[in-house]
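Okay, so chain A shows up in both of these, paired with chain B first and chain C after.
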Partner chain A sequence: MSSLQGYVDRRVILILQDGRVIVGVMVGFDQKSNVVLSESKERVYSMDEGVEEIPLGLYLVKGDMIVLIGELDDAVDQAVDLGTIHAEPIPPIRY
Partner chain B sequence: MLIFSVFKTLTDQQVTVELKNDLSITGVLKSVDQFLNIRLDNIKVLDEARHPHMMAVKNCFIRGSVVRYVQLPSEHVDTQLLEDATRRESLAAVKR
Partner chain C sequence: MLPLSLLNAAQNKPMLVELKNGETFNGHLVNCDNFMNITLREVYQTNTEGDRFWKLKECYIRGSTIKYLRVPDTLLDAVKEEQNRARDAGRGARGAFVSGNRGRGAPARGGRGGRGGPMRGGRGRGRGA
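Take a look at the complex of A and B:
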């Protein structure tokens, strides 16, 4: 089983099917890769402005919606000034 | 089930996964499960300039359902064996 166990209590980045990006601390998961995040924030990317972070709090994300879960390297992540980053939003999933 | 086995033999190899949102990620295949969820280590996003979202990410879990293609290292895939195995499997399916 390619389990999510290694990500518990870590800061993770979630990419969702609609292209949204959410960062937070993974506090739990289950068989269907449903995931609970604490202290979560959505990162909104755009070309015109720097990255905007919207606090979401405790979030449960349905496994169906998840594209990718990445472990954040805190040192690297904190070193980046999000306000200076301009990027296209991640495209939504197309079947 | 066959493809699951193929992926299992490819652990610790470098692969490139193309997702259905047109993101391509290269990394070392660490593990795979029955849903073909994939764990990659030491990842790199192709066209990093366009996709800085994953700058601070070193390893990731990709949901099997959003994978479009996986590029495999051909030298580590025994195509003859795979061909035989697929034929055997489809033959067994017909008999059943």
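Take a look at the complex of A and C:
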């Protein structure tokens, strides 16, 4: 059985169905993949400006909305200067 | 930490709820259940575009329509502390007693259920019995 247990207390990146990208520390989850993130920040990507990080704090994201959860390699992530990254934002899923 | 324990601890605290359609609700949590259905009081609602606002005395939100909830940072420590206290209290209350309790409880759980469930609806008795 697949589990999120290995991600607890790690820095993770979440991608939601609406295209949002959120990074934070996973403090908990449940059977429906609802996830609690602390110190979370949204990363807003655009082609014209560098990545903008918006602090969100303590967040409870419903499992329904989550597309992807990945562990962040802190060392690599720190080494990246987000201000220099220009990228297309992820479009929302359309039904 | 379970998301629902956090939500339960958020009662009477301010929070922001965004629905899957992008509408947001700012208010104080009155109540919630295990489906994440919630009631808020003193609510400011915004539409998806964020350009129109409504004030509601109270509202009920079906859990399945929620995208995420944003809760106060301080809640995390409050819940962690509460859990630690509950764990310690549990340790204290248990002890010599527990084994006795388990002994009595175990057979009922493992054994065949009451009410004769297994017999009824089992194999038939053949034709015409």
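Criterion: the second predicted complex is superposed on the first by the 94 of 95 C-alpha atoms of A that agree within 3 Å, B and C clash if a C-alpha of one lies under 4 Å from a C-alpha of the other, contacts with A are read in each partner's own complex, and residues count from 1 in each chain.
One rule holds in what follows: a residue touches a chain if its C-beta (ideal position, glycine included) is under 8 Å from a C-beta of that chain, and two chains touch if they have at least 3 such contacts.
Computed from a predicted model, the values in this text were never measured in an experiment.
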First, second, both or neither for A:V27, with chain B first and chain C second: second
Partner chain(s) touched by A:V44 [first = chain B, second = chain C, both, neither]: neither
Touched partner set for A:Y59, first chain B, second chain C, both or neither: second
Residue contacts with chain A in the superposition, chain B compared against chain C: B
Partner chain in contact with A:V76 - chain B first, chain C second, else both or neither: first
First (chain B), second (chain C), both or neither touched by A:A87: first
Overlap of chain C and chain B interfaces on chain A (superposed complexes): 64
Chain C partner contacts - residues on chain A that touch it in the complex: 16, 18, 27-30, 34-36, 38, 56-62, 64-65
Partner chain B, residues of chain A touching it in the complex: 1-4, 7, 13, 15, 17, 19, 21, 33, 43, 45, 63-64, 66-74, 76-77, 80, 85, 87-88, 90-95
Chain C - residues contacting chain A, complex: 1-7, 20, 22, 36, 63-64, 66-73, 75-76
In the complex, chain B residues that touch chain A: 19-23, 25, 30-34, 37-39, 43, 50-63, 65-66
